[in-house]
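Would you mind keeping the following structure in view while I ask a few things?
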């Protein structure tokens, strides 16, 4: 951490700052420039992060130097994390597509979807049992019945199951049925929930909060990892910006940025970003081209009659077309010479 | 709901749209303009809100006409809600200030703070027992011990207690100690939690999510009310925007906007908006002048040594000054003629 | 335009609204729903767009139905616009890459860059002569001397010249040297400038304002077209959001959205979006995959010593790699079956 | 400037960074921490701000220490700037309200408005002659005729004239009529225009760009001041955020923040922030309470029939009420003890 003093800060103010930092167990290194003095703090930055240093008289700015996350960082693990997912893996070159309906609406539609997305190349089945809905009057999912159907369809198709958990009280229940616990965008900073899935041995698919910075996102992963579960997949799904023409703004640049900062796999959900099915295809291809480790796509046998998210769900044919194009783009970027 | 057809939509496309709406149990009213045709949907809009209408061929736009919330709306209850809080009330002209430390750090600091803020005019004591923290390595509160201290200090001072609950498993426990259950900004769309506090008989202080639209905010209140608890206080505390000079951007306009749309009381937290104590005072006065029903202010006996949020906490003297100025501003706006 | 009345609006209020609309030369169509009455306005929406309808007593909402732009819309011209650019074209499947230095720093670096980017497949040369800079103390470009160098290098290499104009007084001068007039992000709503380049016969490369909605963007194009110049290329270059990890947030979804709404070509500038050279390559590939009609890329012989934007400029080798990969991705998406 | 090296940066990388900085004419101060090495740069930071330091191998972060503006800063001029405006002044406790119509629509409405706002306490008259409009089809103002009317009304009422200039070619013309040159939000980064009004001897009313950071805003003022004109008034008018319930989000916190960072007067335009007249009154009072040096308010004899911005214009009676309340709030905050 670096503390920048005001140009007119007094010697007493400087000493008070130094003392505060030293009291917290760090060393300091004072450097006098032409216009202002700078205090470098040497030691574990976490010790001073909570201090009210900014309010001390004479302080102009407090600049962190270390990243606030550790376990999720490249410095902690330089090699990419590769996680098993069904018959395949995700991370470091293994490209994994997870597909399925927004909500599990019934056994029949689920098994049909599972078979179709598997045939097209998906490696896991998504399906909502407990649905977070902005309005209390919207369909909130079939709950336990949906979990049972998901498990049955896994048995029939071999596809591992990805489903959301949003209540700490349900983590244990959902873990009995699911292979991957999904943490939704509105739960990204539900810290008790993050700790709870951190105690599970399931994979965790962590979606970025709609106004989470990338540091916030990695700190959320850190919560899970710090609680004992390092099997985290990050999922960019669009952020909230002034532009409301689409449901969200897909932050496509987050993918290469995250892949540089963390060793965790990074996938993209083009469905929630787009909010309408005609834009899912191009956004998915952009995600592949930018280097994502996989996709999370909403697919429904008859999107026009879906109970939720129908506008952004693909039908089987559109999904098969998407898979075809996605693999072609993936092949193209893998064959091309990498830039530095 | 109004469906706007594309200029070149066919008669068949129009009929398909009409049929879909009629199948959902609404009536339609087709209006042909010079360049395009419009389908008005008559009946309960909730029935068609989930339909994938936007994706139907020929549809250009789907425009909601009704507000998605009901219980929270002025149409439902034209008169302002007034809630009892300690010896006073909040809402409709009753101005209520809630103050206290970010976290309960000990019994002594808590009782001192309670006495001081009470003497300055606060009507309730805030204090965190379970703290949501962006980093897993930050101080997360004293938990149950803090709840016990809060209850003791209530007994000593008569100030009702406001404290955050963020885990559905803790609602019952926290309710044994607290008078007001606070839902933090990161929990505003924790729907199971909203439903759970909706079953409680405590007041609920609901903070706006940092990227929640005002509609989202009112829908979160609707969740609580729909579960049975109408005693909701809304709290604007700053939103996340491109401007990062301050911790958050206080959306001061949200106050009069909300007070027009809803009957619920609306208060402001200037501390989290500012992020630094020198800006708390002017932001608090702005909140009073704009018509807020109260304030939520972080106060600490020695902010420089606080375990959390020290940078944005006021000491006793600064809080007393603030109360003095706030009451003067409040008197000024109440004496002045109202505009329409 | 549709006017939604409050649930409790009176008959007199309704009539006043109808009269106001009729006075402005439109017809109305009143539709009474279960909870509220709606006034449809039939005729040229532009006539009522400026009216203070929202403030009339009893009005809840005013919903536009027509797009505010005409010449730029697909309704005006269903077929994609294809514009000549040097030896090629841009638009509708013709993929055009424009590359070159942020600023023209000298004749030698310019000619070297031109030759290198041409060899790699670029069809036009970019280079700044008049530079908009956030700080008055930053390098603002070589001005007229740079224009002369650009023209000379065009003569030597055959590459058409793209350069920014930001002062209405310079449009005529810059037009003497440039083939494409670039309107920078900070000038997107410089309406006198838009009108001025609208009187030119040069191509106009219009960059999206950093907080411009897509409607604002198309209205800026409309200004140019309305003044007489239909040769507009739109360029997405990143928007300003809460996320500051990268220089801007590339709104990759804007590309397919715009291509559906307008017939104008849409290209992407990955350099300004990324702000750092390591991210330019993946963002450029995402732009190709999402369906952009071209790219605008900053290239410099020695980025580390560039006078401006060095951090985000590619060297010759990285640019050649990028072109190679971009063409491979383009081939892949063209070979794949299209979704609907 | 401080350069933070990666934890695994090599000695060669460190030396290359140091050499680059030294070559640019600064001294360096290398400080080795426990996990990473930091290079402090001593000297004029402007020398290295343009260098592509971030791209050098081994560099993790580049942190500026100095503010990028000088003339506008408190360090340059610790005392508040007080500017003459008509019979009064603006800045440092002198509270100035500028009011008038969005557009000058005719001589009669202008003189009526001027007399009314003067009687209510306004010290200057605003009125648009050249109007920036998002759509080319909207009313763009009466131009020269409006300037003539403004000058006539000044002669009749004694009120100085505030009007916008948005074309570098018009600065000289507008300066012949106006007392204060207004730079609109869309022109805040029209750098040639800023330089041009910087050569004038008129006051400059600079409105914040709708996505300008406060640093960007102060740099825009710096452009004007650097060109020779130090008479700049800053005007916060709302920023663009995800929240679209109101026209803009008034960044009320910007006022005290700016007043700490700069010596220039800071006023607030509640009309453009609100976008609807019922919210102008409370936002204006919030601006007064937060410490603004004045207001810029749209007033029209008959807002419902205004040619532009009617929805957000006050009539004479509402403006008089506002002035009454504003002065009462101002008196209240001036009488109250200041916090630190």
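Order of writing sets the labels: A, B, C and D. Residues in every chain begin at 1.
The criterion applied here is as follows: contacts are C-beta pairs under 8 Å (C-beta built on N, C-alpha and C of every residue); 3 or more make two chains touch, one makes a residue touch a chain.
Remember, it's a predicted structure, so these values are computed and weren't measured experimentally.
K.L.:
For the pairs B-C and B-D, output the one whose chains share more C-beta pairs in contact.
P.N.:
Contact tally favours B-D.
K.L.:
Same interface as A-B shows up in which of A-C, C-D or A-D, over half of contact pairs matched?
P.N.:
Of the listed options, the interface copy of A-B is C-D.
K.L.:
Indicate the whole-number Å distance between the mean C-alpha point of chain B and the mean C-alpha point of chain D.
P.N.:
The computed centroid separation for chain B versus chain D comes out at 30 Å.
K.L.:
For chain C versus chain D, what separation do you get between their C-alpha means, in angstrom?
P.N.:
Inter-chain centre distance comes to 26 Å.
K.L.:
Based only on mean CA positions, could you tell me how far chain B sits from chain C in angstrom?
P.N.:
Going by mean C-alpha positions, chain B sits 38 Å from chain C.
K.L.:
For chain C, which residues are shared contacts with two or more other chains?
P.N.:
Residues 211, 240-242, 244, 278 of chain C each touch two or more of the other chains.
K.L.:
What does chain C use to touch chain A in their complex?
P.N.:
The contact residues of chain C facing chain A are 211, 213-215, 239, 241-246, 249-257, 260, 273-274, 278-279, 281-283, 285-291, 314, 318, 321-322, 324-325, 328-329, 331-333, 335-340.
K.L.:
Going by the contact rule at the top, pick out the chain B residues touching chain A in the complex.
P.N.:
20, 46, 49-56, 68-69, 132-140, 166-169, 186-187, 189-192, 195, 210-211, 216, 219, 222-223, 226-227, 240, 276-278, 303-308, 310-311, 313
K.L.:
Which of the residues in chain D come into contact with chain A in the complex?
P.N.:
Going by the criterion above, the answer is residues 2, 4, 7-8, 29, 31, 33-36, 38, 40, 42-44, 61, 63, 65-66, 75, 211, 240-242, 244.
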